[in-house]
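Below is the structure I would like to discuss, written out as structure tokens.
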Amino acid sequence: MNDKERIARRVALEVERDTLVNLGIGLPSLVANYLPDDVHVFFQAENGVIGLGARPPEGMEDPDLTDAGGGFVTAVPGAASIDSAMSFGLIRGGHLDMTVLGGLQVDSHGHLANWMVPGKMVPGMGGAMDLVAGARKVVVAMVHTAKGAPKIVPDCTLPLTALRRVDLIVTEMAVIEPTEDGLVLREVAEGLSVDDVRAATGAELLVPVAPGQMRLA
Amino acid sequence: MKVAISPAEAAALIPDGATLLIGGFMAVGSPHRLIDALVAAERKDLTIIANDTAMPGRGIGKLITARAVRRVVASHIGLNPETQAQMIAGELEVELVPQGTLIERIRAGGVGLGGVLTATGLGTPVADGKRQIEVDGKTYLLETPLRGDFALVGCHQADYVGNLEYSLTAHNFNPIIALAADVVIAEPRSIVPVGVIPPDAVKTPGILVDHLLERAPS
Amino acid sequence: MNDKERIARRVALEVERDTLVNLGIGLPSLVANYLPDDVHVFFQAENGVIGLGARPPEGMEDPDLTDAGGGFVTAVPGAASIDSAMSFGLIRGGHLDMTVLGGLQVDSHGHLANWMVPGKMVPGMGGAMDLVAGARKVVVAMVHTAKGAPKIVPDCTLPLTALRRVDLIVTEMAVIEPTEDGLVLREVAEGLSVDDVRAATGAELLVPVAPGQMRLA
Amino acid sequence: MKVAISPAEAAALIPDGATLLIGGFMAVGSPHRLIDALVAAERKDLTIIANDTAMPGRGIGKLITARAVRRVVASHIGLNPETQAQMIAGELEVELVPQGTLIERIRAGGVGLGGVLTATGLGTPVADGKRQIEVDGKTYLLETPLRGDFALVGCHQADYVGNLEYSLTAHNFNPIIALAADVVIAEPRSIVPVGVIPPDAVKTPGILVDHLLERAPS
């Protein structure tokens, strides 16, 4: 199991049945592959469909039906088409139960930075700021370090995505919950120690009770 | 009843320097023939308000490649390296706006609101220079309306009076931009007699649409 | 021809082809009866249809298709159903070409009062404030006096409907245009003199050129 | 998949003193069986946010006659003399809001805006006590969001996951109030299998709907 699969499997456990879930492009989109069969959710793509489905059969792609990255998708039974005002009305109005987003940095306040690296990468925030400000639950799914450097830091040095404290950070090494008191280490991946996670983390980690082993199913 | 016009006629209505609202999300649902006509007419100095600039060779990306654009207001330009290159070279001005804020600003411009208050963007560079207003103890950014001289709307189907239908994820910005421009030009895939689109299926009432693009040659 | 028909016929001449027009309940609604055959317009009812039509045949009424007063109507070919947010988005966003409203008072500034009489009649403003604030052209259609008292007054004594100067006042006696300089008398009904109109009007009337006879077709 | 509930079960969810958003325009498009159930359950002290109070014996008018209502936020009460009589007698509090402002305030509550700026109401009693904000030299009223504990939505048709369709002038406030309450109860005329309502025809996505009223006895 590679790191990305490990992260996606763990995040999938956070998804509750009969909810509306938005998955970011890239790693977060893998989460859909690991949902238990009995957990029915509607996936929302911010470009405008509730009930996003898997890739369509070869030759049956519809140019009017894509995910937020422009890739062909299907719509599940019971899907609804929505325009961008409705799509972000749902996101900002508290109707989106959960969003899973990638991260460049998360800090000890639970603040996420995931949309730009000044002078290097200025893709635009797309829907990220709305998602973090508005979703009921925000899960950051990311690898623990970038080229060996911690992505979990005392204070974000990159521009923030929102002032809202995210609800959970899932990496290949650990599950960390940002709280009012700081970052709480909840689970540690099999074969790793608390000290291993601390060594790869730039911010202080609180360990109020012995963290469990990171669940994957 | 509308009179259908050709893409070239539509492009001729739009002067250099105009502000255009253009529908589409990563080129899905964009008015492709109108965009091609603007490129063919060698328009310059346009301001484009849209979700994104698509990718090179597709949708709004064609206008970027053709250097028809002086200014972009968008939520995302990350999949078009030409937009980024022109921006870094100082040839193209880019205003990045959170997607939900962008669509609400356009809606505000379309429905006559003087602005809306949103929490999105607080504590980020988006808040720079903007007024913050407190309501019931919570702080919000005041975001102001956006409008265009023209809205270029891609749609699935129109009837003779200009009522429009959209399909699946090709709705995106289209129904909203149709509210927010002085002149609205719609590019339908097909045009059908009045009555084929039932009243409950109309997403953009024909009274908002000034011109329909004639059907594509088959 | 009674007073109301005279007013409705005159207002009908203000309606331009291929426009979106909102007619208030009561007197203004009569305007639809006097449009020339070659002037096609879409009537909007603020409760939510563009393309309001006449009363349906007996036995074919639809409880889901009424005018703003709750009366059964039809929808013309090319009609569109809209919700209240779209309906008032059109009204406030400048998409409504013309509205015809009744009036309790209009004053020398062109201000309209038409929604309440304090202590007596408090029906609510409904859509009137939005219509006057947002429509491109506002025509007030009303009888010239109420129980002998002028309804056109120096300053409204009743609460205003909006700060916007209305575009035209049509009564059974005259057509009056509110301008920056004041109320300009444009047309006088057949058989009446300028002095007759002045005597029934509480505000000063400007008569820069000899007013024409009030047109009815 | 939703579980259909009876009108009495729906009424039992709603306590005395609750704030209800109720759809309908002069009783057209209102959830009539829900209203009857609230009257039968003898609810008291409700706050009703709706376009109007209809007329005695119809739609929301029944709740007024039953003295179930302590406070009304509406744009028009003129066709219900009982509303006026209870207001004048001091038994019923009435806040009158311009119709366009009312629907935008509810929408703001539903889509997470902190408020909207509008010119409607300036220079009238509606402006009393409200903040005025200037944008680009124009003055606007700041109008704040409205939400309900419950939204009672009348609609034409629902499917098993709660996707809703509306018909003609029975749309009115219904699709907007479905965004702006903690609990949304929809009263459809008919309930159809998933797939009968195509995605492009859905006006209220099922994820907004908490409960569907069971079909009426035939």
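Chains here go by letter, A, B, C and D, matching the order in which they are written, and residues are numbered from 1 within each.
The rule is simple: contacts are C-beta pairs under 8 Å (C-beta built on N, C-alpha and C of every residue); 3 or more make two chains touch, one makes a residue touch a chain.
For reference, the UniProt names are A, C = Acetate CoA-transferase; B, D = Acetyl-CoA:acetoacetyl-CoA transferase subunit alpha.
Here the structure is a predicted model, which means the values were calculated and not measured.
Q: Looking at B-C and C-D, which one has the bigger number of contacting C-beta pairs?
A: Output for the comparison: C-D.
Q: Quick check: how many Å separate the C-alpha centres of chain A (Acetate CoA-transferase) and chain D?
A: 35
Q: In whole angstrom, what separates the CA-based centres of chain C (Acetate CoA-transferase) and chain D?
A: Spacing between the chain centres: roughly 29 Å.
Q: Could you tell me the distance, in whole angstrom, between the mean C-alpha positions of chain B and chain D?
A: Roughly 32 Å separates the two chain centres.
Q: Tell me, which residues of chain C (Acetate CoA-transferase) touch at least two other chains?
A: 49, 75, 81-82, 85, 88, 92, 134, in rising order.
Q: Check each residue of chain B and list the ones that touch at least two other chains.
A: 104, 107, 111-113, 118-119, 166-168, 199-200
Q: Chain adjacency by touch: line, ring, star, complete or other shape?
A: Drawn as a graph, the chains match no named shape, so other.
Q: Just spell out which pairs of chains touch, all of them.
A: Every touching chain pair, ordered by label, is A-B, A-D, B-C, B-D, C-D.
Q: Under the definition above, what is the set of chain B residues touching chain D in their complex?
A: By the definition above, chain B touches chain D via 104, 108, 111-119, 133, 135-136, 138, 140, 142, 144, 165-168, 199-201.
Q: Quick one: which bits of chain C (Acetate CoA-transferase) touch chain B in the complex? Just the residue numbers, please.
A: Residue list for chain C (Acetate CoA-transferase) touching chain B: 20, 42, 49-51, 75, 77-82, 85-86, 88-90, 92-95, 134.
Q: Give every residue of chain B touching chain C (Acetate CoA-transferase) within the complex, in rising order.
A: 107, 110-113, 159-161, 163, 179-180, 194-195, 199-200, 202, 205-208
Q: In their shared complex, at which residues does chain B touch chain A (Acetate CoA-transferase)?
A: It comes out as residues 25-29, 51-52, 55, 74-79, 84, 87, 94, 96, 98-101, 103-104, 107, 118-126, 156, 166-176, 203.
Q: In the complex of these two chains, what residues of chain C (Acetate CoA-transferase) are touching chain D?
A: Contact set of chain C (Acetate CoA-transferase) toward chain D: 45-49, 62-70, 75, 81-85, 87-88, 91-92, 111, 121-130, 133-134, 159-163.
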